[in-house]
Every structure is written in C-alpha cells, then in structure tokens.
Amino acid sequence: MATTEKQKSDITHKYLRPQKSFPSVWCPGCGNGIVMGAFVRVVDKLGYSKDEVAMVSGIGCTSRLPVYLDFNSLHTTHGRALAFATGVKFGQPKMKVVVITGDGDALAIGGNHFIHACRRNIDITCILINNHTYGMTGGQGSPTTPEDAISTTTPYGNVEKHFDPCDLAMAAGATYVARGTVTHYPQMEKIISAGLEHEGFSLIEIISNCHTYYGRLNRKGDAPAMLEQFKENAITTGKAKKMDEQELVGKYVIGKLHEDNVKSEFCCEYQKLIDHQKG
Amino acid sequence: MSKLLDKIEIPKDRFEIRLSGSGGQGMIFGSVVLCEAIGQSGNKSVVQSQSYGPEARGGASKADVVISDNEIYYPKAMKLDLLLAMTQESLDKYYGDLKDHGVLIIDTSLVTEIPTEEFYGIEFTRLARNEIGSIVVSNVMALGAICALTGLFTKEALTEAVLARAPRGTEERNTKAIEIGYAEALKIKKD
Amino acid sequence: MANKKKKLLQGNGACVEGAIYAGMTFYAGYPITPSTEIAEGCAKILPKLGGRFIQMEDEIASIAAIIGASITGHKAFTGTSGPGYSLMSESLGYAYMTETPIVVVNVQRGGPSTGLPTKVGQADTMQARWGTHGDYNAIAIAPSTVGECLTETIRAFNLAERFRTPVTVLLDEVMGHMREIIELPEKGDHEVFDRVKPTAKPEDFEAFEMTDNLVSPMPSYGEGYRYNVTGLTHDVHGFSTNRTDETIMKLDKLYNKIEHFKDEIFKSRVELVDDADVIFISYGTVSRAALQAMQIARKAGAKVGSIQLYTIWPFDYEMIKRATKNCKKVIVAEMNMGQICHEVQKVLDPSIKLETVQRYDGEIITPMELLEKLEEVL
Amino acid sequence: MSDSNQAGQEKTTPKKKSKYDFTDDNLPLEINLSWCKACNICIAMCPQQIFEPDRDGRPVQTRPADCTQCTICWVHCPDFCIISTVK
Amino acid sequence: MANKKKKLLQGNGACVEGAIYAGMTFYAGYPITPSTEIAEGCAKILPKLGGRFIQMEDEIASIAAIIGASITGHKAFTGTSGPGYSLMSESLGYAYMTETPIVVVNVQRGGPSTGLPTKVGQADTMQARWGTHGDYNAIAIAPSTVGECLTETIRAFNLAERFRTPVTVLLDEVMGHMREIIELPEKGDHEVFDRVKPTAKPEDFEAFEMTDNLVSPMPSYGEGYRYNVTGLTHDVHGFSTNRTDETIMKLDKLYNKIEHFKDEIFKSRVELVDDADVIFISYGTVSRAALQAMQIARKAGAKVGSIQLYTIWPFDYEMIKRATKNCKKVIVAEMNMGQICHEVQKVLDPSIKLETVQRYDGEIITPMELLEKLEEVL
Amino acid sequence: MATTEKQKSDITHKYLRPQKSFPSVWCPGCGNGIVMGAFVRVVDKLGYSKDEVAMVSGIGCTSRLPVYLDFNSLHTTHGRALAFATGVKFGQPKMKVVVITGDGDALAIGGNHFIHACRRNIDITCILINNHTYGMTGGQGSPTTPEDAISTTTPYGNVEKHFDPCDLAMAAGATYVARGTVTHYPQMEKIISAGLEHEGFSLIEIISNCHTYYGRLNRKGDAPAMLEQFKENAITTGKAKKMDEQELVGKYVIGKLHEDNVKSEFCCEYQKLIDHQKG
Amino acid sequence: MSKLLDKIEIPKDRFEIRLSGSGGQGMIFGSVVLCEAIGQSGNKSVVQSQSYGPEARGGASKADVVISDNEIYYPKAMKLDLLLAMTQESLDKYYGDLKDHGVLIIDTSLVTEIPTEEFYGIEFTRLARNEIGSIVVSNVMALGAICALTGLFTKEALTEAVLARAPRGTEERNTKAIEIGYAEALKIKKD
Amino acid sequence: MSDSNQAGQEKTTPKKKSKYDFTDDNLPLEINLSWCKACNICIAMCPQQIFEPDRDGRPVQTRPADCTQCTICWVHCPDFCIISTVK
C-alpha cells in the first residue's frame, strides 16, 4: 500500500473521498488543507489500510477534515471528539484512531475530554490544529488566542491568558507530545508519523493560519504571509532550551516535547484485566 | 369560496429589491447601506435579509431589501420589484423572481446573456476599474444607479450612509462611484 | 416620537439593545451560529457601560456564570442556539430550582443535533418547556420583528426579575440575522422591572419566604443576608430538606408563582378573528407570513384571522379557546414537525378542524404556502 | 518582514540548478486549476520562483526550467492541486 | 420453568442482567444516585464476559463513548439519573440524528435540579420525548417490577437495534433499589434482535439508504464500508447537505421509521377495562399501586380497570381511546405534577372525566391514595 | 474580628450557621470537618467579614461544607462550582470567593472549568479535598484514584492513571498551588491562608480520608489509621527535590509548589478595560 | 357506590415484614438474607425495599419484605404482619404500622417501653454479646427467631442464605446465632 | 503500620510535661459529647494520651494533668466538639 517518495505529490488523491466534491469548503490558503496532505502522506508511508483508520472530529473548520478522506469518519458534536474516539478505540482497539480537532473544539468546550484522554493514555493520536481562533463561527477568541489579540469577542484586545496545549497534555498524562507548524513540512510529517506509531495518547499540535479571521483582525496578512511568520517564529526544542521565558514570548517551540514509552496504555491494561477475569 | 389563489395579489405598498452577485462583490454591504440611506430619507419601514452560511463564503451571494410605508409583514421577498444582477450566475438564478416589468439592473461588463430586452445595463465593473481604478466600488456605483432609477432615497442620504460605513481613506472613491452610477443611470432612465 | 434615534439593527443586535435597556450588566456566553452576534455585541458594548462580558469555556459554564452573577445582583444574560441550549439544560434546571432570574436567548436553527447551523427552525419550542428533568414551570417568549427582539428582550428581563425565574427568548436564524430600521427607545418608554430586594432584617430574613405572590425578595451576596442557595429541594431558609411537606411547598411554589399570575405573562396579537372562518395560529417569524397571508386573503375576500403568540409558555389555552370560538378551522403554522399544534389541539372545540402548515427543511414558511393551505381548507 | 524576506523581494533567481530538464513543453508540474483557490501559497513559497499568478491569481509556471522538484509547492498546496510530472 | 436459576436482584441489577442477555458488551457511564448500581454491576461482570466497562469523566463523555462504541459494533449501554440525563441531551440528539442504537436507563429521582437524590419521581417523562433540540421521534419504555427491569431492558436493546435509535428506559428510585426474586432467563427464552448489517458491496453501499422499513443496515467501522457519520443534516451517503429535499427526506425518515411501525413498539397491560366505570392509567412503579388498588376495589365491588403503559413514547393514543371507550372516568396516576395526563387528555372522549393522582414529594403513590380518589370520583 | 491564637479552639463556633443542625451529615472522622475547621480559623485570623466571603461548591460530600458555615453559600450542580464561582467573582470582584470541591467534582465532571479558571487566573481560592474517591455516591473510582486501587467501579483494581491536580493546575496557569493533608494541621492553615491572600487563582489540594469507602475497600483502616498514613507518606517539597520519581510513588509532596505574583489577575485586567473604554 | 373505603380489605395473600433498628444493626443485610431464605424455600414472590440515602447513613434504618404466593402488586408494606424492632426509636416509629394482632418481635435488651402486651421479647443483643461474643450477629439471631415464629422458611435455608453472604470466618458465629434465635423463639412461641 | 506507629502501641507516656495545672476538677478541655461521633481521632492523636474511650467510643479525659494544650485534638476534631478551657 505504501508509496515511494517520488510519487508523493499525487498519492494524496488515493485518499480523497470519491463522493465528496472538491475543492473543500475551506477558505483559499487555509492551513487545514496542508495538514490534511501531510496526514495522508504519512498514512500512506506507514502502510495503514484505509479500513483500519478511524478519524474522529468535533465541530469547526478543522473538524471538517475527516469528511474529505476515505477512512471511517465520525464528525461529532462540538468538543466531544475525544470522548467519542474513546468509545471507538476502546470498542475496537485494533483500529488506528485519529482525532482531528481545533483549538476551540479541543481546549474550550472539549477541554475536559482532552485532559482525561491524556490521563488514560488511551492510544489515540490527536492532531490539534491551532489557529488561535474559532474559525467556523467567525473569529471569536479561543483558549489559545494570545493576550491582547483582537477577536470578535475581544474587540479591545484579549484580557485572558492562553493555554499551552502541549504543557497541558503533558501535565495530564499524555505520553507523546510534539508541536509543528504548517510551514515546517517535513517536520510535520515526522511528528504525525511518530504520533501515529506511538502506543499511547499522542498530541500533535500544528500551528496553522486562519488569515480570514485571526489574520485579518490582527493584521497578519494573507495565507502566505502568515506561513512566513510561522517560519520566523518557530524555535526548535534544542534552541529553545537556551532561551529564557521572556525571549520565548510569541515564539512556537517546535519538535518533540515529550515521549514516555514506559507508561502502559489504557486498552492494553483493560485487555489484561479481561484476560485475567475471563480466566 | 375556492379559487382564492386566483384572486390574490401582492400588496402594492411593498417594494422588494434584491442585490445579487458573487461573494466578493459586496452585495451585503450594499444592502445595508441601501437600508440606511432609505432610513435617512423618511419614515419608511425596511427589512433586509441575506443568504447566510456556506453560500456566504464565496460563490453566489444575495441580499434582499423590502421597503414599505406601512408595517412590513413578511420580511423576505415575494416577487421582486427590482433586481440587481452583478454576475451571469446571479441573473440566471434570480431573474425568475422578478415581477413582470420589474426593474432589472445588470452589470453589463460581466453579464452577457440577458433573457429580456427590458433592463438597465451599466458596465459597473469596467467603469469602476477604468474611472476609479478599483473594482471594489462597483457595488456602491450600482447603488448610485438604483438611487437615480427609483428615487427611493436621495443621493445625499446614500453618500452619507456609504461614507459612514466605508473604511477611512475611501471617501473620495466612493463618492465618485455614486456619482458615476447616478449619472449613468440617468442617461438611460426611461420615464 | 419622530425625533427618536433610529438604527438599522439585526435581530441579534436588537436583543443586545433590549437587554442593555432593561439594565443587563453581565453577559457570559459561548459563540454559536446563528446567535454569535449577541455575544459579539455584548463584548463590544458592555465595557463601555461598565458592564461585564466573559466568554466562557462552553455553554454549561456560561449559564453557570450568569446564575452566579445574578446572585451577586446583576441582570444576567446569555445567547445560544439549539446545541448550546441542550447543554444548558441541567443548569437551567438549577436556575428554576433556585429561582434565579436569568435570560437566555435561543436563536433556533435546523435540528436535531448539529443539523443545519445556518438555516432556520422552530423545533426547540417543546424543549423550552420540558428540556430539563423534574417538575417546574417555564416562561418562553417569541418576538417576530427586529423591533420586538428589542422590546421582548426587555420583557424577558422584566419577567425574569418579576418571577425570579429563567426566561427563554426564542428567536430563529432568520430573525436573528434580519435587519430592520427601528427606533431606539428612550428612558421611560418601556417599563423596567427591577429585582425586589428584602426589607427584613438579616436575622428575620427567609431566603425563600412564602409571600402573597409566591416570589421571595432576593438580596445580592454581600448585602448582609448570607443565605444558602442549593439545587437540592430546600425549605424556606434555603437548606436542603427531604420532608414531604416542604418538598410539596417548594414545588408548588415553583409551579404556582407562574400559574397563578400567568395573566401578567400572556401576550398575543389577535387579529380579525371575530368573523373569521379560518384562523392562523403562529409565533415568531412565521407570524409575519401569517399576517401577510391574512392581509392578502382578506383583500381577496376570504374571512381569515390570525393569532400570534408572543408568550409561548405558559401556554394561553383560554385565549385560544376564546379567540377560536366562532371559526371553522384553524391552521397552526410552525417551522417544525408539529409542536405547538398539539397544545392548540388540547383546547380546540371538537367541531373545529385543526390543520397545520409545517416546514422543517431550513427555509421559512411563505405567505404563498399559507394561502395555498387556505385555498385547500376553505 | 524579515531580512531574508526583503532579500527575496529582489527576485534574484536562486542559484541552485535543477537536475531536471524542464521546458515549456515539459513542465515540472501538473496543476489542477479547477481545484485551485488562488491562495498564492505555491507562488510565494517556491524557492525558485517558478510561478507567476494569472489574472485570477492562479499559478502559471513561467520559469519551469528552474524547478528542482523540491516538493515545497505541492506539500503546501492546501487543495492538492499540484502534482509532479516526474514519476 | 421450575428449574430456572433464580436470583434476588435489585431493579438496577436486573437492568444489567437484561442488557447482558441482550448482548450488551460495552458500558460507559458516570455514577449518580440512584442508578449507580448499574455501573457497578457492569464494572463487575463485563470483563468476565470479555466486554468492556469504562467510567468516563462525565455523562456527556459517557453517551459519546457509547455512541462511538456502537458504531464499532457493540450493543452499548449507559445508566444515569435526571441531572445526567439532562447533560446527555445534546449528544442524545446526535444519536437520534446519526441513527445510532444505544440504550440509556434513567433511574428517576426527585427533581428539578439536584432535587431529592435519594427519593423517587417520574418527572422526566416529557423530557424523554422533548429533551433535546430539533425534531425527532423518541422511544421510551418503563418497567414496573424487577423482573420487567430485566425483560424491558432486553426489549430496549431490541428496539434500539431494530430501529437504529436511542431508547430510554425510565426507572425510578424505588424500582432501581427494590429487590425481588426473579427467574433468570435462559438462551432462547426471549428474542434478541441483532443489528442488521449491510449486504451491499462497499462500492454500492449507501450509509443512510432509504429502505422499506426506513431503517438502513449499519456496518461497523473496520468492516470495509468506511462511511461518514455526522450530526449535520445529511444525505443518504452520510454527507452533510443543505438541500431542502434531502433535509425533508432525512427528518421524515427519523420520524416515520418509528411512527409507521409503532405497533411493533407499543406495549401495555390492560386489565378489566371492559366493564369498568373507572380506569387507572399509570406506568412504572405506580402501576403496581394501581393494580393493587384495582384488585382491592374489585373485591369491594367497584368496577375498576387499569391501563399500564410499558411503552411511553411513542404514545399509544389509539389504545387509550379504545380501552377507555366504555368508562366514565379515568384516573391518571403519576409521580409528578402532571405529564402523561396531558397526553391522555388529547384523545379522551370529552364525555369522560379525567382525574389525576399526582405525588411529587419523593414518596410513591400508595394503593390507599388511589382508593381514596376512587371513592371521591365514584 | 480576628481572634487570638489562644481562643483557636472555640472560634470555629462563631462561623457555624445557627440554623443548621449539627453534627454534620459526614461520617464519623471524615476529614472534611477538619478542613472546615482550618478554613474558618484562617478566615478569622485574616479578619474577613462574613459578608465579604462567598463559598461555592458543587456536589459531593465535600461540597456540603459551605452549607454549614455562616457565609454566602452557593451549592451548585456537580462539577460546575468554578464556573458558578467565576460568575460570582466577576460579578462582584470585591468578594473573597472560595470554592470547596472534591476530586470527583473538580477533576472528573468539572475538569474543564478547573483548567479554565486556572488559565484565566481569576482570583478564586479553590480548596480541593482529595479523598481519592466519590464519597457521596458510595466509593467509585475518581480521577485521583491510584493505579490498582479498588473502588466499586474498579472491583479488580484501577487500570486507569490518576491526575496530579497540582501539576494540572500549574500547566493550566494557576498562580498559587500548594498541597497539604488533614494530618498536617499548621501547614494546612498556612497554605489556605496564603491561597486566600494570593491575588489570582489558587489551588489548595488537601489530601483527606474517606475511610468509609476508599479506606474500607483498600484496607486502609479507620479515620485515625488513615490520618496516620498521611503523616507517613507526606514529603515536604524540600525533601522531595532530593528524591527520584520512583521513590515518590505513593507519597504526597506537601507544601507550596508554585507561586507567581507577576501574572495579572482576570478581574483586574477587565477592570482596566472598563476604565479605558468608559473613558 | 360510595363508602368504598369501608368495604375494602388488604389482600390476605400478602405477608409483610419490617426489620427495623439503628444504622449499624444490619437490618438491610437481614432483609436480603431473609428474602433469599424464602426464595430457597419454595415458589413465593418476594419484594424487598429499604430506606435509602441520608437515613441509611447512621440513625434509624428499616427494610421491608413483602411475601406472597401470587404476583405482588404494590411493592411496599401497607399494613405490617410482622415487625422486628431492635431499638426503642424504631419501635416507636413503626409500631403504628403493625396490623392488629400482627407479630411483634422486640430486642428486649435495648427496648424497654413497649406499648402492648402482645409481643415476643428476646434479648438478641445481650445474647449475642454473652453467648457468641459479638453483637454484630444480633440481626441474624433475630432471623432465627422469625424463622421459628413464622415458618416462612426453613432453618436450613436460612443458614445457607446467611453463610452465602457472610464474610469468611464468621460461619460458626452465624450458625450459632441462628440456632440461639430459633431456640429462644420456640421457647416463647404461642400457638 | 510503620515503625514509629508500632512504638506508639506501647503506650509509653511521652515525656513532655504540661505547664498547666490540670486536674480532674480542672479539666483541660470542654467536650461537646452531643456532637461527638466517636471517630477516635482525638484519642488516637493526642501525644499525651489524655483520652480513653467511653462505652460508646467517645473521649474521656482520663489523664488531664498531662495535657500540654498542644491543640492537636481540637484542630483535628472534625466535629468541633473540643474546646480548650484555657482562655
């Protein structure tokens, strides 16, 4: 099933849903499409069959992603993707369960399911596309909207603090945590791949552009301009270690932030319980 | 008592306008400004509504305005008195909603196939590009034309309404667009 | 009158204006189409007036926050749509039980579930009465124009404060997004009902005292009364109880404070029913189609009337009975698969035939559809 | 926005030479313009500045010979419009 | 028969036994009085049978997880009480919309809000029909003995799978905690309806195909069909749509797959109504008081009958009409302020007087109370 | 209003609600009462007036606490205490708002409000009484139930991992975080006091005993026995620094874990916004 | 048709038992075991119910068992056939629910004020302490007495039911308790 | 359970001497037995072993003279039953 590097540019089409009309509903240049490409290329490389992959999402622009791809797809209620996914994974542990979620979906309304999925260390790969806003509803502030940023619900600048989703995931118990951006392509493939192969809960945060709302309201320019900014503001984990907190303000530390291959995975533990009790 | 449907007619005190075009042509902005111009020009009731959602992101776009001297019951258009079509797609889609002998205004720089002789054609987009240097104001130019053709509001009210909503620095462009639209329409107005 | 400030407003925006007029100073919410403009409007205006806006992490937190704020003395407000309204149901029940005044606008979209987020519906009507578990009594009202979005929101706050209870304002997508030019009311144009505060000394104070109108005066936290608020069934002091007599007293109070004073809550627009053969019954945006159809039909010689409900819950059965007594048929029109029509059925004289026009495809009912139904039944 | 970017504005053709033999008749890429949303990403990101926008903002391969098949344009196209002609 | 295994079980425990009998292999839940024993029972037994139990972080996550598990092929189950049921309403709507079979037991306690956690109530009856936003059709059933907790839970799973829809089982605190000795059924004693799987090839498969009985075969994830599931209004393929025709088709399907086949769902126990002057109408635990009162009254010479509803929703209006046609009065008895009585009212012949016995103080209705009412109305 | 050290033993009675019947509903020896005592002694020491304190709780044995005390008390729905409290505090910023919550209430159903209150750094003092179980509903597993522990929903031992509430709070943005136990009395008073005086969100986790369920099911003995165990298993932050992860398993690190007095508080920030916009 | 209430009588096929005492005395355990003993002794219907919630944590405690050869309609007690009162408080509270000439069994080591002459008094608690060395088994001893006094179930069935539920290591104590209760009751049984 | 605990089981009276002059007539503590739930905490925790349980498990001050007013019993009583007699 896997494809060679050479054919990389068109293998994506193998995974697009034949029945879905393209192009997507996303705005021109929306980073969601870039992540979608990276994801299917990784799946192809890893050689997963289409039937063994289940993609679960909530509600938001980001959460529309699974609908375009020819896997088992579950487009759920806002914020609940990880809870549904927990049912899918625990119900059918052999499946590769991937959650595609936005910063609002995962961290605002869905924050509780997020930390509990981390805590259980259930083998789900969660790709969180962080565009710092609620794109779908038109650019409101989200839990990752930076301080002072403008959104339609913070018209005078955001007075709230923002989450670092990776920090939260680590504190809650996730065993693979990494960050990338839509501009850092090979690295993005790498961390998605590592997340999929990791046995346990993995969070892959991808910094992405919603130029339509977040970009426009905060004068960040169009899609290419925002992509360029991500390049400028990304700091690798290695470099970041040498910088102090002040220097890191407004920067994105990218790379693998945490990996723990010792902690046991939830479904495996439960299987042991079954094996023991069924006797 | 049957045959009710044969006897009914749409109340004459309603004037129904639809501005239609593509997503980027500012039809919604145009309809809002139009309402405000009418609001400033007297005591009329006005209701504006628009297509919302996926339709609103790219693709076709429409906004309806209903005007009356009395209370407006049904808020959406029933049979259009005036249709502005800025693209071929929108003309094709909405022409059927225009009442017989309703006012049809067409951007003839973009629309080529027109199913009737009874229309006002102005090349809004071409004029905007050539005379003002920006196609963005083609919608405002169309409002100037509507002003001239219907007399529903004064040119001054329109200008005031546009300037109140338009970004700073665009005052001149917009004023000019209104003037051109108004003048072009007067040229072809049939009385 | 002529000199009043006029403004072109969306229905959602008019709700904000109405809330501000009524004295709303606290908004907590979570964005959802097609209600988001209410939150956005409040975010913009409240700090300018010294009020407070907070975007919460979800709808559950939003209703919790406004209940908390109401208890500190604010007139508190939130806006949402079906999915958010469903999420609010548990804590909405808490507001019923604790008798905390709040106003919730539900701008209805197509359902069930995520449904049609950008399309119109009226299918949360029964939910507004029965959405949370247990017994209670509910107030829900429905405007039909942008101007009424403003005035009915004022009324919602007045009812919430007068009856110490949550009030739901049912809008729909079309109304929330439609724009009309309306006159902005000035001070004094509309009554504003402010919360009744206790006059008893703190040591004599009973938080849930039985009064003549069954509504207990409500102090704000920090005013010296230090009472207990709980969602458990509670006695007049606010302390939880398992006693059957106290339970009955509490539940009867919740029910009867509305039931016994429902005439203060009912509001409807009854047009030309006296000689009507057929009467439309409707609420919200649909009423505008009904009035339009009535107007057109009357001109064409048909004897048609219209009943528009502004107050949906409590349901004004008596008025329906009275207003329909001379007619032959009623047509209940709503944008759902049939909700209020069942309430009408309960009181309709068996000799009157109930017909319905129902639309649940995300589009609004047109006057033409009503006229076609009329032709069919006449 | 940054120094490197300002340098880029000079539009000097980068040095790296293509190992492929692309010409106007043997284009490096197939572009599905019917899916293209004219987002400008490929145009802006190509290090060889292969593209120029057409009237509608869609990419035209104006300097095909310089394409190094670096993958950048196609992996960043959010709409899967770009496919390499190299098999 | 005599040799069957007998067991002393609580109502909650009998629900677990019934679920296991029906083939339930996945439970996700969150503890809440008075339903907790259902979760605890499942935690104990499921791993022994190779099934799966998970305690989720809340009720929202619980219903989400069982929907997810159902889609992977499990018969999936949760138990809760009023506050949890309210929290589930949004995702319950998702299950209606996506036509996902799940069974939810609501062991009712006193409400509203936190209310009386350890006391009995039946006030979530209307909520089971109208609790989530939008239009849909709902199935809710109510056992009245521990034995029926077992058999009605089997029936709930059968209905859920047969109709591809959530089914609510309404218990109450007394029933959940009461113990009776029951016979445990053996294989074959009760029908078990298993999910209908598609036979079409994946390339010809339509996930929400229109079939004769309006229920589409449902594959599990991983079986090669790779379809899309969404809470947005969707077409036959499962892809979201805004089209009016497809919207109508979807909503009609949701409604009619139950409405057209409701005879398969209805279940009631109608006793001695033919010659009865007065008929009790009730459901759940109250029916036992009604039967007791009927028995006593008959002995004392009064002509009394009883209708017990096992299926609450869809409501069997026709049966009520038929069974009451000879009587003079009906007494609707329920542990709330009046919910099902309003449904009865809708179809009762105007000549028949509707009386009610309502109790909402956390205690169950006794035969004596019913007999007193009987004396009053006879 | 404050009372001298000497009268410490009876000043608690000044704060008991005259209308509430005592003793409490809690089981004999339940740690909730010990925390209640510490709390009122601190309030007394700090000299707060009864009217300025608002106590908010959810549902659970722990959450019954505020009802006994003569402050403004708000006993809400399960898990939502911090969301209600956010409304109270933001509605009336002058009040001292204290949330009393259990491990189930705060971290299971209430996890999302917990992390968001931390993120906003709203000036609420959250006293989380962690007894590692759902006491009120009869001893089910909670998000802090240790691995392998028995509960009525983990009859064969818990296969899930547990949260460290303090870690979670820090990652989410809380600015004062400390842990104590019901056995370490003076330290408990100290951290509650520091939490109350801190401007910003403070989490005070108190390890407590539910011997009735958690203790019984896990053979931990009665209340005095469990209190004794807390003493044995508590490690001060100083000592803990010198220990590795393995050595810390099953131990409670007690003391102040985090303090940040720089990050601005939510209500203050909003007040600035009002001041600016009202002009 | 009035005066219905004068004519009614509670069905004779029901036998209603209430075990009452304080929280720690194991009344609920007792009622469950009693049901199981009955279950093993034939084909009777049995319903057990108990007070739940705050009441159940300390304070008074009660558990009801209804027994019948037929389907049991109403699951709770209507008029008790047998009341076991292990404390003064429970006797005071429930004595009124006992039907005329119903069986009243009292732990006379704890209950002193008894409003009737018609009762069976056994010092369960004292006997448990003195004869077995643990008051915990006083409830099981009472079951032994009920067995002897009612014949609703056999002593063997009772013993089996108790042993199936009692913690390991308590078999002897419990068996002895049953024997003592049974024997003491036989001593005072009136026929 | 631990070594220190086992040592405690020996019930050797700790050394620290009280600076107060408590006697059976001048008790160190007032105990509200009507609120006491007999949880045993005060009895177990008192370093001076002042208490012994009565028949119902409630504390009796059997060694009042040794009380050092260390506060331990009253701050740990979950039911506010213990009040010092020292003002």
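A, B, C, D, E, F, G and H are the chain letters, set down in written order, and residue numbers restart from 1 in every chain.
Rule of thumb we're sticking to: a residue touches a chain if its C-beta (ideal position, glycine included) is under 8 Å from a C-beta of that chain, and two chains touch if they have at least 3 such contacts.
Predicted model, so just to flag it, every value in this text is computed and none were measured.
Engineer: Hop across touching chains from chain C and tell me the fewest hops that reach chain H.
Structural biologist: Steps on the shortest route: 2.
Engineer: If you average the CA coordinates per chain, which chain's centre is most distant from that of chain E?
Structural biologist: Centre of mass proxy via C-alpha means gives D as farthest from chain E.
Engineer: List the centre-to-centre spacing of chain F and chain G in whole Å, with centres computed as mean CA coordinates.
Structural biologist: From the centre of chain F to the centre of chain G is 44 Å.
Engineer: Which integer distance in Å separates the CA centroid of chain B from that of chain E?
Structural biologist: 55
Engineer: Averaged over CA atoms, how far is the centre of chain A from the centre of chain C? Could you give it in whole Å?
Structural biologist: The mean C-alpha positions of chain A and chain C differ by 40 Å.
Engineer: I need the residues of chain C touching at least two other chains; which ones are they?
Structural biologist: 33, 47, 57-58, 60, 83, 90, 94, 113-114, 117-119, 230-232, 242
Engineer: Would you mind listing the residues of chain A that make contact with two or more other chains?
Structural biologist: Each of 27, 77, 109, 111-112, 116, 143, 156, 270, 273, 276-277 in chain A touches at least two other chains.
Engineer: Would you please write down the residue numbers of chain B that are in contact with two or more other chains?
Structural biologist: Each of 53-54 in chain B touches at least two other chains.
Engineer: Show which residues of chain C lie in contact with chain F when the two form their complex.
Structural biologist: Contacts found on chain C: 26, 28, 47-50, 52, 54, 56-58, 60-61, 64-74, 76, 90-91, 94, 220-232, 237, 239-240.
Engineer: Could you pull out which chain F residues touch chain C in their complex?
Structural biologist: 17, 19-20, 50-52, 54, 56, 66-67, 70-77, 80, 83-92, 94-95, 112-113, 116, 270, 273-274, 276-278
Engineer: Write out the stretch or stretches of chain E touching chain C in their complex.
Structural biologist: Those residues of chain E that touch chain C are 60, 82-83, 85-87, 89-90, 93-94, 96-98, 108, 110-119, 121, 123-124, 126-127, 129-136, 230-233, 242, 244-245, 247-248, 251, 254-255, 336-337, 342, 345-346, 350, 360-363.
Engineer: Can you list the chain E residues touching chain F in their complex?
Structural biologist: 30-33, 36, 39-40, 43-44, 47, 53, 55, 57-59, 83, 113-114
Engineer: Mind listing the chain F positions that touch chain H in their complex?
Structural biologist: My answer: residues 6-10, 12-13, 16, 22-24, 26-34, 36-38, 41, 182-183, 185, 222-225, 227-229, 232.
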